[in-house]
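Note that the chains are named A, B, C and D in the order they appear, and that numbering of residues resets to 1 at the start of each chain.
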Amino acid sequence: MTFLELLGYFNYWVFAILLAVGLYAVISKTNLIKKLIGLSIFQSAVFLMYITMDKVEGGTAPIIQAGVENPVFSNPLPQVLILTAIVVGVSTLSLGLAMVVRIKECYGTIEENEILDAD
Amino acid sequence: MIDLALDILSWILLTSGGVFVLIGGIGGLRLPNFYTRIHAASLTDTMATLLIFIGIILQAGFTLASLKLFAIMLFLLLTGPTATYALANAALLSGLKPDTGTAKDKTKENAPE
Amino acid sequence: MIYIFALFLLTLLVITAIAIVRAEDLFVAVILTSIFSLLMAINFFILDAADVALTEAAVGAGVTTVIFLCALALTGDQEKPQKQGQKVALVIVSILALVIIYSTFDNPQLGDPDAPVHQHVAPWYLEKTPEYMDFPNVVTAILSSFRGYDTLGEVFVVFAACIGVLFILGVSPPRKAMQVSVKKSGLRHHLIPQVVGRLLIPFIVLFGLYTQFHGEYGPGGGFQAGALIATGVILYALLEGEAEALRAVPRRVLLGMVVGGALLYGSVGVVCMLMGGAFLDYSVLAADPVWGQQLGILIIEAGVGMAVCGALLSIFHAFAARERVS
Amino acid sequence: MYILVSIAILITMVLAVVRALMGPTVYDRVLAVNVFGTKTVLLLSVIAFLNGRPDFLDLALAYALINMVGILAVLEFFQNRSQRNAKAKHD
C-alpha cells in the first residue's frame, strides 16, 4: 500500500481521533458544560465521516450545471442527512444547556461529583 | 493583449495579497503584546482583502460571480475594522495597558475598571 | 492539490479539538469552538458538500457561540481541576480510536466511485431530479421531496427541543432577583459597532431570504435561511439590548413561527392526501406534476425556514431572559 | 497562482490557530478568531475559483456577513463577566 493510498484513509482517522477526543471529554470531565462541548465534538466527528463518504473523485457538489458534458457529482444523500442533523444538533445542544442551567440553580454547582455529593 | 495585461495585473495583485496575508500572520504570532499584534493583523487583513478580491474579480470578468465577490469584499472591509475596533476598545476598557508587555488571562480581571 | 489542503485543515481540526477539551477556562473553550466550526465548514466545502458547509456557517458562526455564552453567563465559566479517573478514560478512548482506525482499512478510500454508498439510490436521485422537479439542486430535491418524511421528523425534533427549552427555562427561578439592576445591556455606547451592525442587519436578513428562495438553484434552503435570519435578529439583540429585540419580534410571533412552520409542513402533506395523492407527494398539487413538486417544495421550505428561525430565536430569548432575572 | 495564494492563507491560518491556543489574554484569542474568520472567507473564495465552481461564493458571503456577530457576542459577554467578577470581589 503506497503512501498516497494511505492518505485516502486520513479523513477516517481524523474521524476516529475526533470521536475519541469527544468521548474522552464526555466520560472523564466532571464539568457538565465541558461534557456538552465534548458531545458536540463527538457529533462533528460523525458529520465528518458522513461527508467523507459522499466524496467522489473528480466530482463536484450535486448542483446540476447547464452545459457540462458527463458531469460527475458527489453523493447528495449523506449531505441531506447531515444538513438537517446540524440544525437539530444545535437545538438539542441548547436543550442540554438549559438542563445544566437548571441544575446550577438547584445545586449551585455544575461539577458532577459535587452534585452527587449533594444528593 | 488586453487579456494578457489583465492576467498579469491580477497575478501581481494576488501574489502581493498573499504576501500581505503572510506578513499579517507572522506579525500576529511574533509581536510581543496584544496591541502590536492587533495592529499587525488588522492592517494587513484589510490590505490583503482588497488586493486578493480585486485580483480574483479581474480573473472572473464581468459576471454574477464578480458581483458577489465585490459584495463579499465590501462586507469584509466593513466588518473587519469594526471587529478590530470593538476588540481593541474592549481590551483598553478592561484595563489591559498598551505598554506593559504581556498579560495573562487572569490578571486583567482585577485591573481597575 | 486540494486534498493536501484538506490534510492540513484536518490536522488543525484535531489540534483544535484537543485544545478545546484541555482548556480549563470554559470561555476559552467556547472561543476555540468557533474556530473548530470554521475549520469544519471549510472541510465540508472541500469535500463537495456546499449545502452542509453553508448550514455549518450559518449555525456555527453566530447561534451556537451565542447560546453557549448565554449558558456560561448563567452557570459560571471555570472548570474545577480533575482528581482521578483521567488515565483510565484516556486508555479506553485510545483503544477505541485504535480499533476504529484499524477498522477503517476495510472502508472504501476517499473519493472511490465504486463505493457501496454511491451504488444504491443516489444515482437514481441524481438522474430523476431534473425529470421530476426540474431544478438543479439535488440536495434540496432529496431533502424536501424524495425524503420529505425525514425532514418533517427533523423539523418536529427542532420544535420539540424548542418547547423543551421553554419548559425548562420558563419556570420562575428559585431565588428571586437580589437587586433589579437595569443592566446597560447592548453595545449601546459603542458607536462604530452599532452603526456598522445596523447597516449589516438588513443585508443579513436579505441574504437569509435569498438562501431561502434560491435554495432550489444554489446552496441553501429553509434550514440555512432560518439560522441566518435568526443570526441577524441576535445581532440586533446584541446591539440594542435583548428587550428591544423582543419588542421588534415579540415572543408571540416567535412561537407562532415555530408552530406555524411545523404545521405548514404537515398540512401540505395532508392537502396532498386530500387531493388524492400520498402524504407529502406534491405532484398532485398542480395540474402539471413538475409544477406541483416545485410548489410543494417552495411551501415546505418556507415552513422549515419559519420553524427553524422561530425555534432558534425562542431558545436564545429563553436563555437571555433567564440572565436578566437572576 | 490561486494555489500560491491559498498556501499563504493556509500558513496564516496555522499561525492564527497557534495564537488562539497560546493566548495569553482572551483578547488575543478573539483576535485570532477574527483573523481566522477573514482568512476563511478568502480561502473559500479562492477555492471556489480553484474548483471552477464560482457560483458557490454564497458560503464566503455568509461568513463575511455573520462572522462579526460571534466576535461582538464574545466581547459583550466577556465585559459582563469582568463586571460580575469585579462586583463579586467588591462585595
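The definition used in the following text is that a contact is a pair of C-beta atoms (placed from the backbone, for glycine too) under 8 Å apart; a residue touches a chain by one contact, two chains touch by 3 or more.
In this text, all values refer to a predicted model and were calculated from it rather than measured experimentally.
Student: Which neighbours do subunit C and subunit D have in common?
Tutor: Neighbours common to subunit C and subunit D are A, B.
Student: Identify the chain pair with more contacting C-beta pairs: B-C or A-C.
Tutor: More C-beta contacts join the chains of A-C.
Student: Just the number, please: Cα centre separation of subunit B and subunit C in whole Å.
Tutor: That pair's centroid distance is 28 Å.
Student: Let me have the rounded angstrom distance from the C-alpha centre of subunit B over to the C-alpha centre of subunit D, please.
Tutor: Measuring from centre to centre gives 11 Å for this pair.
Student: Using mean CA coordinates as chain centres, what's the subunit A-subunit D distance in Å?
Tutor: Spacing between the chain centres: roughly 20 Å.
Student: Got the subunit D residues that touch at least 2 other chains?
Tutor: Answer for subunit D, listing residues that touch two or more other chains: 13-14, 23, 26, 30, 32, 51, 55-56, 58, 61, 65, 67-68, 72, 75, 78.
Student: Hey, what residues on subunit B touch two or more of the other chains?
Tutor: Where subunit B meets two or more other chains at a single residue, that happens at 75, 79, 82, 86, 105.
Student: Could you check subunit C for residues that touch two or more other chains and list them?
Tutor: Within subunit C, the residues that touch at least two other chains are 28, 30, 50, 72, 187, 193, 196-197, 200, 203, 218-219.
Student: Okay, what are all the chain pairs that touch?
Tutor: The list of touching pairs comes to A-C, A-D, B-C, B-D, C-D.
Student: Quick one: in the complex, what on subunit D touches subunit A?
Tutor: These residues of subunit D touch subunit A: 51-53, 55-56.
Student: Which stretch or stretches of subunit A touch subunit C in the complex?
Tutor: Interface residues on the subunit A side: 5, 7-25, 27-31, 33-34, 37-38, 40-41, 44, 47-48, 51-66, 72-88, 90-95, 97-102, 104-106, 110-111.
Student: Which stretch or stretches of subunit A touch subunit D in the complex?
Tutor: 60-61, 63, 65
Student: Note which residues of subunit D are touching subunit C in the complex, please.
Tutor: It comes out as residues 3, 6, 10, 13-14, 17, 20-21, 23, 26, 29-30, 32-33, 36-37, 40, 43-44, 47, 50-51, 55-56, 58-59, 61-63, 65-70, 72-78, 80-81.
Student: Can you list the residues on subunit B that touch subunit C in the complex?
Tutor: Within the complex, subunit B touches subunit C at residues 75, 78-79, 82, 85-86, 89, 105.
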